[in-house]
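Some structures are shown below for you to check.
Both complexes below contain subunit A, partnered by subunit B and then by subunit C.
Let's look at the complex of A and B:
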């Protein structure tokens, strides 16, 4: 055990231990559960950032233990440049979600369980990205699902949280089963479940490659919530408590992207998966347009942002489908930027809902002068998602479109650019209907906790920073793509 | 300064806002004037925004600085004219004015496509926020979406250009683009054209400006909507015209489309009852003629169109302010502006005629010029006699300097000051303008077939009614008429002056007016506006219906049935396997036998 392996182990173990302690000695530390969870997540983020200099030096922390040696199954944790952007996004979003939860969640006797499950949810996502073996990947993949499902079931808002949690579990588990079948086939072909063995080249018939890739794309597509595999998302996002929604939308959806990059795109060569390029691009375009149309039609402000996630995942899928450097770089960048902006938007909606006790957009209006700080932060988020330059998402969209124009289907890229006008339409609608016009509600607004406002403001600032100074993040992505594209590509 | 005004303006006294704005705009103008001496230099803003994005820099280029100067000067003039009519939240408006001004000047001076795109986006955003403050949500959304449509075209063109290997540095990219294959260059040109078409408010992409027609604020209409974006569009057209005109097919198509849109814009100008609405169609006409000039590579005229645009806006909108009217009525000012516009169109069409054979697009452009003349005549006929006589008298002006001050300043700013800095470019301007002194320019409208063809055809339509009148004359009257129709100077004068010019042209003008009004009602109001309303309603209804069908009915209901089915099946199985040991053992035995049989069949087979 050395410094770097200690860091990656701490990212998994520390939140797990703290979660266990929160449950076991909740009577003692229960009142401070939120603070403890927040500090733990903060330490996790620091540990993640501490790994960056090591990666820059060319050190890739690695832990490998024999788990079931008879079956060739190992316990491997590994950090590389493909892992880092997703790990960082997850750690960042978890910290802000937990700080937000301090103001959002009303303390009761179940509070320690709430924060423990949030930490476990974070462990699931971190473990998914750090896992270096197929078996361990799937364990953490399911851990994400179980933790988030329990959170929706126990703390979901509204009368239908039970059925929504069941629907969420069934649908995403179905996707997970497809992924499992594909993983088992890979394991069977490689004779080992380590990613290194898989990347070193496995021999599979073309039909098997096609089947496995299709299984991965559909399975991970469920997690990404692209059309038509998105049906679990609107209800889950709208019923879940806001901190869970933030983690679902901003971090968990990106796990699907990670899966596509880690498995079919890292293991197979471009020629092997070239037949999926056009379907992925078309699916991305359809998802972009469909999600935006639904966001325009929707009345619940949480569901509007939820459908926005479907649309934004369409951009990412399109970028991945181009199978070009620019497209994949743009897709990965979009994961990070989308995580930040989506968390910001959900936080703003949470502030609006908490202040007004309303969720229907038709009942809102004229809040600009009442909650100016929220309005300003929401304006930043809305403009970012509309693709205004100097605000994060513009950079990744540029790269995605550029990737599209590098393919033999430039018309699809043109359609994506024109489809982005629908994004502008629902973004404008969201902001103007909530914050503009006359304030017609009766009574005063409910004061909102500083713990909810602080992460919102910080995320708005991060959005601006990420847009103005994108070079550091670009450098990460460049390293990641060298990992993917420098091998078989 | 703009952002500071928005942030802290509410804490500052009101007069300070105006001084801050005027001072800032004045300093910008002075800096631009001084910068004329440093033509060719660059200011680097950022070495590289992201990898391979190129250096973001400002280029001191005369052809970019002059439009920036004129745009700033226009803004300052309209700001001063609008001082007494400003809305209540002045500091926000003032801040936004400076914000849009900065963005526009950045766009004029940017040497990198990425920087130019970002600047254009910020300008559009600032204008949209102004609309939101003054006109409400709907107008603001319509405007911003319209401008984003143009920017989508620009983005496609830039990225496609970059994809072909050209850098994002504008000059290098455009010169490398000339060697691209036709298909690729057509896509790029189409993207740039879409941006130009929207920004200049050319029919039919003029919808984003239509909402502004109701705006009471002079500054909003005159500068934000009518000057900034169109000037930016003209400058973009000036820089990208070589790409558009590279291939003959594209050139012919764009030429014909721009000429046709010029005709349609003028017909709509006729059709609108309110003069203040019709000027927007005159701007659309100017835009069409500018594109027509660009596609025929009249670069000097395209660039000069920015000056014409600023002058026109000043004449049209400046006269709507009660305090500083040049003439008693907007109508006479509009005629003056129309004459300038007609002169510009005449020179453009004549210059194109010099290039070679006339084709269909050329005839259509000539017809548009004829329509403009008819419109001017129509406006003159509508103006009451007293207005024409008291053309330059205004009872509002207390002192003569108030009447003449603004025009003189405008003349100084628009014409003289930049000319002082043109010695470096005098050769280019002289070479471009030398052919204008040729006599053929003067004789062009006299011999132009399409020009007279349109006038005469309209006149002939009206003349048919006069034939009816003649037919009812009695034979006696006819003899008397023939006896009286002796060819004498007086009779010839009466015939031409009254019969042809006065009554004939007047009737022709009224006929065209009626036709175009009906066309306007059908196309714009009924078809486009209603159509776009139905399109928006249809898209919303479709989204809602799709949502209900797919999300609620199909997916949710389908999933519910699936879950119910699974639960029912499991309940059934539970009933079948419940309680009784013998029944359960029987099921186990049957299952084991079935598995054994399958295994034996597989191995034995």
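Let's look at the complex of A and C:
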């Protein structure tokens, strides 16, 4: 055990142990559960950042233990440049979600469980990105689902959180099962479950490659919630308590992107998956337009942002589908930026809902002078998601479009650019309806805790910063692409 | 064979001794239970006393796939018999410990423990014997005890009815067995397996079909399963644990042994098993969805889980694939542990709060946190959520089924995956019920301490399951030295 393996092990172990402690000795540390969880997530973010210089030096931390040697199943944790952007997004979002939860969550006797599950949810996502073997990947993949489902079930808002949680579980589990079948096929073909063995060449019949890729794309597509596999998302996102929604939307959806990059795209050569390029781009376009239209039609402000995720995942899928350098780079960049901006927007909606106790857009209005700070943050968020230059998402969208123009279907890229007008429409509508106009309600606003405002402001700042200085983040993506593409393109 | 005989002798004499003890000294429940535990312990010790410590002592299945076929003196399948008998004795051990408190409300100790011992004794004889007539006797021996135990709560009409139904259907099964046996004896003049009876004459074939149908009733193959939901749900929970956990599986094991021992080809048996398994998975899972009684739900879940076991064995026989047979044995043991844990935990809830309906379980976690936790653990395991051992078992079944790449296996795999998804539709709401925040009718009921007699078996089983989930390697290794051929190269 040296420094770098210790770091990646601690990213998995530390939150798990803390979560266990939160539950075991909740009578003693119960009142401080939120702070403990927040600090743990902060340490995790630091550990993730500490891995960056190591990666720059070309060190790829790797832990391999025998788990079930009779079946060739190993416990492998591995960090490379493909993992890093996703791990970073997850760690960042978890920290902000936990700080936000300090203000959002009303403590009661179940609070330690709430924070423990949030940490476990984070472990599930971190483990999914760090796993270096098929079996372990699936274990963490499902842990992520179980933890988030329990959070929705136990702390969901609204009368039918039980059925929403069940729908969420069943639907995403269907995707997981497709992924499982594909994973087992790969494992059978490679005879070992480590990713290294998968990458270093497995020979499969073209029909098998097509089947496996299709299974992966549909399975991960469910997690990404692209149209028409999105039906679990609006309900789950609007029912879940806000910190959970933030983690779901900003970090968990991108695990589907990671899966697509990690399995079909890294293992098979571009020519093997070329036939999926057009379907992916079309699905991306449809998802983008559909999500935006639904966001325009929706009345509940939380659901508007939820549908916006469907639309944004459309951009990412389109970028992946281009199978070009720019497109894939743009898609990965979009994962990070979307994580930040989506977290920001949900936080703003949380502030609005908490302050006014209303969720319908028609009942809101004229809040600009009442909560100017929230309005400013929300303005940054909606402008960013609308793709205004100098804000984060513009950069990634630029790359995605540019990837689209490099394919043989530039018409699709044009449609994509035009489709982004709809994004502008719902984003501006959201802002105008909430903050513009006359303040109609007669009651006073409820004061909101600083723990909810602070992360919102910081994320708004990050959005500006990321838009102004994209190059450091872009350097990571660049490294990742050499790993996936491996000089093949 | 000697060890098995000694073990049966100990169990039977123990039954007599305990009956006399109860009759003559009207001993207390706890004392009788402790004596029964002791008898089970001794029987288990004797069964394993002749362990030769070479690596092939449990599941001695040569990699050629020649499974339980003729040997001169001893059957190679004997080590598999030992696995089943050992599991039954271990379950009997836990159940009798558990009953020392659970039975308090029934007051009929003096027949219960002897019957429990005799059931297991019959089971041990049944899985060991190679003589068809002895087999008939042992099946009757076990079944008669099981009928009485199912109707043990004779003051309730439902239990009597269930016991009667089980008796009628079970007797049809044994009569068919006897009829088939007579025909085969008429043709071949022999009753000792292995015996080439399958293709000798029409009478022998008809006899064979009768025998396999009779045993099929006992093993609850769909559509011969109708007795099972009643019997398993009306019996005391401790008995249900034994019935669902090992008895139907051991009957299936005998079915397999007789089928192979009478010279039916592996392909035919395999194909029959695959189709039966599809029926079992579909009927079991869909029927479980609509149940309102917890124990009926668990009983239908047993039919479904039997389907998974049958599927694995079917793949193994049809494609001559020993890996799948081992996966089947593994899943059989895993299911025995998980299902008996479910029934024992449910029994605790029933003992303290008289819960029978799923509705009654609402919020039971507040009153019985331990039972709710272990019940959820077992349900999650049965649902196959990673990283629990139930998932590892399903992983083995899936890997072996998918690696055949044959249409029949793929159809079965499709049903397997789909019904697995459907099964979440009853496992998860049940878990959610346990932890629901609004208690149903037990709101005013005091929080009781679970008696250690009942807590210890449940905790022990949970600990075993958790240990095997976290680090399955030694367990799998212990159960079978050759579970995966790839290990040896």
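Simple rule for what comes next: the second predicted complex is superposed on the first by the 486 of 489 C-alpha atoms of A that agree within 3 Å, B and C clash if a C-alpha of one lies under 4 Å from a C-alpha of the other, contacts with A are read in each partner's own complex, and residues count from 1 in each chain.
Please note the rule applied: a residue touches a chain if its C-beta (ideal position, glycine included) is under 8 Å from a C-beta of that chain, and two chains touch if they have at least 3 such contacts.
Only a predicted model underlies this, so the values are computations on that prediction, with no experimental measurement involved.
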Item to check | Contacts of A:417 with subunit B and subunit C, given as first, second, both or neither | outcome: first
Next on the checklist: Looking at A:67, would you say it contacts subunit B, subunit C, both, or neither? Reply first, second, both or neither.
Outcome noted: second
Next on the checklist: Taking the superposition on A as described, I'd like to know which of subunit B and subunit C A:135 touches: first, second, both or neither.
Outcome noted: second
Item to check | Superposition-derived comparison: subunit B or subunit C, residues of subunit A touched | outcome: B
Next on the checklist: Going by the contact rule set out at the top, does A:170 touch subunit B (first), subunit C (second), both, or neither?
Outcome noted: both
Checklist entry - Touching A:180 in the superposition: subunit B (first), subunit C (second), both, neither? => result second
Checklist entry - In the superposed arrangement, which partner chain does A:389 touch: subunit B (first), subunit C (second), both, or neither? => result first
Checklist entry - Who does A:162 touch here: subunit B (first), subunit C (second), both, or neither? => result second
Next on the checklist: Just to be sure I follow: which residues of subunit A are touched by subunit B in one complex and then by subunit C in the other one?
Outcome noted: 166, 170
Item to check | For the subunit A and subunit C complex, residues of the former touching the latter | outcome: 66-72, 135, 138-139, 142-143, 146, 149, 153-154, 162, 165-166, 169-170, 173-174, 177, 180-181, 184-185, 187-188, 191
Next on the checklist: Applying the document's contact rule, which stretches of subunit C touch subunit A when the two form their complex?
Outcome noted: 380, 385-387, 391-392, 395-396, 398-399, 402-403, 413, 417, 420-421, 424-425, 428-429, 432, 435-437, 471-473, 476-477, 480, 483-484, 486-487
Item to check | subunit A-touching residues of subunit B, taken from the complex the two chains share | outcome: 48-51, 114, 117-118, 121-122, 125, 132, 136-137, 140-141, 144-145, 148-149, 152, 155-156, 159-160, 162-163, 187, 539-540, 542-544, 546-547, 550-551, 555-556, 559, 563
Item to check | subunit A to subunit B touching residues, read off their complex | outcome: 166-167, 170-171, 228, 231, 234-235, 290, 293-294, 296-298, 383, 388-390, 395, 398, 401-402, 405-406, 410, 413-414, 417-418, 420-421, 424-425, 428-429, 432-433, 436-437, 470-471, 474, 478
